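Letters are used for the chains, namely A, B, C and D, taken in the order the chains are written, and counting of residues starts over at 1 for each.
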Amino acid sequence: MMRELYKKTKQLFPLGDLTEQRHDLVFVSIPHPFLSSLLRHLRDKEGFSHLVLLTAVDWLERGEFQLTYLLCNRSKAWDMGVRVVLPREGATMESIHTLWPTAATYQRELKEMFGIDFPGSPGVNDDFILEGWDDIPPYRRDFDTLKFAEARFTQRPGRESLDPAQHMAKHHSDGS
Amino acid sequence: MVYQPDRSQYPQQRADGSLDIDLESGKYLKLWQGPQHPGITGNMSLELTVCGDEVVEAKTHVGYLHRGFEKLMERRTFIQCFPIVCRICVPEPDFNEYCYAAAVEELAGIQPPERSDWIRTLILEMGRINSYLMFLGGQAGSLGLGVVAQWSTYVRDLMLDRFEELTGARIYHMFILPGGVRGDLPEGFQQRMEETLKEIERTLGDIEDVMFCNAVFKKRTVGLGYIDPALFNPYGVTGPNARAGGVAKDVRRDQPYLIYSQLAFEPIVGQDSDVFARADVRRRDLLLSIDLIRQILAGMPKKGPVMAKIPNVLHWKIPPGETYIRGECSRGEYGYYLVTDGSGYPRRVNVRGPSYTHAVALLERLIVHVNISDVAGLMVSLHTYPPEIER
Amino acid sequence: MSIQDLLSPFTAWKNLFRDPVTIQDPFNDRPGSERYRGFHKNDVASCIGCGTCETICQNAAIDMVVGEGEPTGAGDSGLRPRIDYGRCCWCALCVDICMTGSLTMSNAYTWVERDPDAYRFTPGVDKKSWDNAPLGYQRAESHRLAPTQRVTMGEVAPERRIGSFEEIVQGYGVEQARLEADRCVSCGLCIATCPTHMSIPDYIQSVRDGDYEKGLALLYETNPFSNVCGRVCTHKCETVCAAGHEGEPVAIRWLKRHIVDQLPVEKYRRIIGDPKPPTGKRVAVIGAGPAGLTAAFDLAKMGHSVVVYEAREKPGGMFRYGIPEYRLPYDAMDIDIEIITSMGVEIRCHNRVGTDITMEQLHQEYDAVLLSIGLHLGRSTRIAGSDHKGVAKAVDLLRDIADGKSIDVPKQCVVIGGGNVAMDIARSMARLQKSTQGEIRVTVTALEDLDHFLADPEEVKECGEEGIAILDSRGPQEICLDDQGQIIGLRTWGVESIFDEQGRFAPRYNPEDEQIHPADRVIEAIGQQSDVTLLGEALTEKLAWNRGRIAVDGQGRTSEGWLWAAGDCVNGPDVVHAVADGHRVATDIDLMLQKKR
Amino acid sequence: MKQQQRDKEKLLKAKKSIVEILEVAMEFERTAQVFYAELASRVSKRIRYLVEELAEEEQGHYDRFKKLRDREDLEEQINTLITLPASDGHFSDAVHLPQLGEKPDDQEVLQYALWREHLAIDQYHALAESTAPGPIQDLFLFLVDEETKHKKELEKIYYEVVHSGGV
């Protein structure tokens, strides 16, 4: 099953530990320089022809970005998530648009939303969703949506709420 | 008589593959189709570069509906995300509810009761019918056949009535809670559903007569927007768009979720991989959904809980982990990638909507050499919904 | 392409004479479905203003505002949710989480108004046309967003526990406690009801977080007797718990105990901190019970030097001498007392004020004196034969047991009384009987019927489990003696009703229903009073009194400026109330001492 | 004590008119008031409130009977005031007449007071039974009712003081 595939692939690539999430879904990690050759191998030799998604997770407190490349072998109905960890500072990753042209869209979004660069990816520097955005990439954990909203928008007047416990303390205060 | 463009007018390709378009030359014109355009589903726009009537390059522009749902969810507790997710896809919101709930259940180790799986499946198929009905109206309308939209909207409204009595809402149902579903089927539901299904079947017969057996519609759509099956994998093409090209892939059968393994069906497949074939696959898939709903209502266990015991949602923490839940929605593979870090909030939610690949890279490729008047028809044939692109 | 493809579209004409499918609104009504999630309704009478609806609302559409004309009672904050329909998305999570089920939705579909501010209102308080709509969304019985059942507390089985004074309640394990703590919705309605206003939701959160050091620090902010109160508190908080409306209240008391159970006593002092530098002021406390020791702890922390005079052999007061060991092990109490003495409080046991030292001496030697002597004098029914030597008072027996004196165990005994003390002595006697004669023969007779018992329901239940016969609605008439003057039993009459229509005590007996409960010993456990003889006649005469108790002001000060009084002797019996009282007088004494400086 | 009671009984039986009956009742209350007032100075200050309240209570009864006696429309009034007397011969703790010593405690005082009310009820009740229906019987019944109310009040206090329930 997928564990055998993992063992087999591990002989070729420096894979990290295997996380078996389900019988049909596993996650593995790999140092980022080996990513594109691993993906090519999985695509061409192991039938993982479908790039399901590519996205990032911001581990702000560790100073890292995690990129998750989710691949699917549609004939075997297996999924493998390949994780790559990048230093958050100046995060750059090799583009995989040559493997899957559609990856360019994901990479363009990651550049815009997380500030992760994919040099050579078509249109990677073009605005995607946020035309005219001038703040830090908003999907980074250090971008505070609430603060942004409070600075940008005004609240409807007349709203105020009382905390039940404090309200009761005020009313029942018996000197203690 | 096949339209033959004058190739001498075409721009040269640069070394990097981009086109050398000189707008000053007077040969080319930039044209915006959208974000408000009757041929565009939702708020999206296409920046077309045309040469005469013919598109030589197109760029998809999204962001008009961006509300940052994925980010918002990082600031909401697991239960608070539940009312948000449905908004990521208006015509077929239930996939968001299901995928999110299933992802949370998997990472939190909750097993929803069996009956809730049946009801969830029922809801997903009801939503699929609605989505296809909307598509049929849109596809016909994009080619000037307005009456189909009127009919399909009418029967879609009947289905919304069924949604309303089952879930308490018409559009955003907010019914599939992590742990199960919010309620049982109302009394007499099966019978009223049957009436609705009959009316849909009758209407579909009419639609077949005026749309699919229509010389004009055929002339406009046969051969238009052909997707070479070789492109399916590189461009992440899934769902009816791939099935219309002969690929019998359907998550419901390949990786059965909920109770699909207990239903009898085969994926609906087409041959020609063009606009007509895609529309026809969807029409037949709609009929399949009607059949599936009948199977579900007949085969569903009559008694049993519909909601599992869940922890106090006000401070529900989920252990660190990550998972991906997918389903076959009316437009292809819909999925949720959920990462948890042990806190009371999702670390990351990534929504994989099929339009993400269909409406951008694929559309930008298919649209080249297409006549302006066919752009809307082509675009609709990919059945894209912008909110799932920009979330 | 066929000829059919040219003709087929014309079939659309067949619809020319069809009736329109649209509904003419507003001429035709189209009500929302039974489950429709329309505008909210709130049954303000059953709403408790706990604010969970506000907490769960992801749109921040709900504000908790003062509900007009709604009285603020125990367990009701008086606040009511106001909803801003500019933000509401009709997800109805507020309805699903609602702790009382008061919040529901109507099936009202449409509402047209010129003024946008009209779409912000308080359902139930601001009357709307749909307030009585029978249809609309309600939470289905099947689903709850918070567990309703308590995590079961492990208890020693009756057969085993009856043989000894081993503690019955085993306490939660970490996982159990987390599950139970998880049920709390953190509304804080309980804080107002707790006499000492413990920060209950916060310490419950510390259980969820596993941060017991923080939990202990929170406990000590308001209660130096958490080992004790975690076991025997009267837990009034649980009677107002929001979770108790549609489920079982959170086991607040057991969670408190869980926190103290998790930390070794060596860690306590570091968490609580050191007392302030000495002020040079001296305070005497009479009685080392909950009120006195709480005050002593507070005063010592403030830097005052405190001496506690205790007549008995050991400190603890009613904790030690009123509550049997199987409910409150001496070890647990000793931890709390050890921490109090570690703050510099000196406890002088075997020192009876009035005999060993007079009030006047205390007045002279100390800057302030606190009287916290509790209720250690048992009341008697004074029925015929009650002066027989075989008739004992429960408090006296409980004290002898606590002091380890040998008890003359009766073969068969009858207890008069329906309060917790009655249960305590009955169960203690049962244990002694079990270990000495192997057979339990204890009967409890109470004036009250079971519905009006003053004892906690758990106590009554556990009594039954331990094989003690409880006879309710029995009025004692006479202690029956045989010819040799030995007790042979208690004669009672049946009580037909104990309260009148106004709820006032007015027992009506039925002399026909006469029973004699055989016994060689009768124990009276009907009530207690405090022994104020230590005051001496002159001081008694000087002090102001309030219906048999020393009169105190809001801060616990008596009419004599140097004397404070606190605890059961002022307020009647209640453990946690005594603790609260201790805090109150300590604050006031400190205030006075500062002024004196 | 017993002798005193017997005297009172005789006194009551001898009187026939409504006014006279009331006067005897008044006398009964007055002596009680004097008794409690005198007792108050002897008991501990802690329970003095109780004795003082009893004295006050008796004064109140006295005043009430006096007001009734002084009314012109007395007979009619008696008829309207009367309700079914709740006669109840038993006390909470099967009270026996305590010997009120020099320093009685609160329970003794209360038991004494209860017993006294009990006695009054019994007496008026017996008198009512031996009288033919009419204004005089109504008056006796009225007195039974009044004393029963007093007793109920005392029972309540007794319960609060003695049956404090316990911890």
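We take it that a residue touches a chain if its C-beta (ideal position, glycine included) is under 8 Å from a C-beta of that chain, and two chains touch if they have at least 3 such contacts.
No experiment lies behind these values; they were computed from the predicted model shown.
Asks: Check B-C against A-B and say which one is joined by more contacting C-beta pairs.
Replies: If we tally the contacting C-beta pairs, B-C comes out ahead.
Asks: I'd like the Å distance between the centres of chain A and chain D, where a centre is the mean of that chain's Cα atoms.
Replies: Result: the chain centres lie 89 Å from each other.
Asks: Just the number, please: Cα centre separation of chain B and chain C in whole Å.
Replies: Roughly 56 Å separates the two chain centres.
Asks: Centre to centre, by mean C-alpha position, how many angstrom separate chain A and chain B?
Replies: The mean C-alpha positions of chain A and chain B differ by 23 Å.
Asks: Could you give the separation in Å between the centres of chain B and chain D, each centre being the mean of its C-alpha atoms?
Replies: Chain centres of chain B and chain D, defined by C-alpha means, are spaced 90 Å apart.
Asks: May I ask you to sort the chain touch graph into line, ring, star, complete or other?
Replies: The chain contacts form none of line, ring, star or complete graph.
Asks: Which residues of chain B touch chain C once you look at their complex with the stated criterion?
Replies: Spelled out, the residues of chain B in touch with chain C are 76-77, 79-84, 147, 154, 161, 164-169, 172, 174, 177, 179-180, 182-184, 186, 206, 209-211, 213-216, 218-219, 305-307, 309-315.
Asks: Under the touch definition given earlier, write down the residues of chain D that touch chain C in their complex.
Replies: 44-50, 88, 90, 92-94, 96, 98, 106-107, 111, 152, 155-156, 158-167
Asks: Would you mind writing out the residues of chain A in touch with chain C in their complex?
Replies: It comes out as residues 156, 158-169, 171-172, 174-176.
Asks: Sort out for me which residues of chain C touch chain A in the complex.
Replies: Within the complex, chain C touches chain A at residues 49-51, 54, 62-66, 72, 77-79, 84, 86, 117, 120, 187-189, 191-192, 195-197, 201, 554-555, 580, 583-584, 587.
Asks: Mind listing the chain B positions that touch chain A in their complex?
Replies: 17, 61-63, 66, 68, 70-72, 74-75, 106, 233-236, 238, 249, 254-255, 321-324, 326, 333, 335, 337, 339, 347-348, 350, 352, 356-357, 360-362, 365, 390
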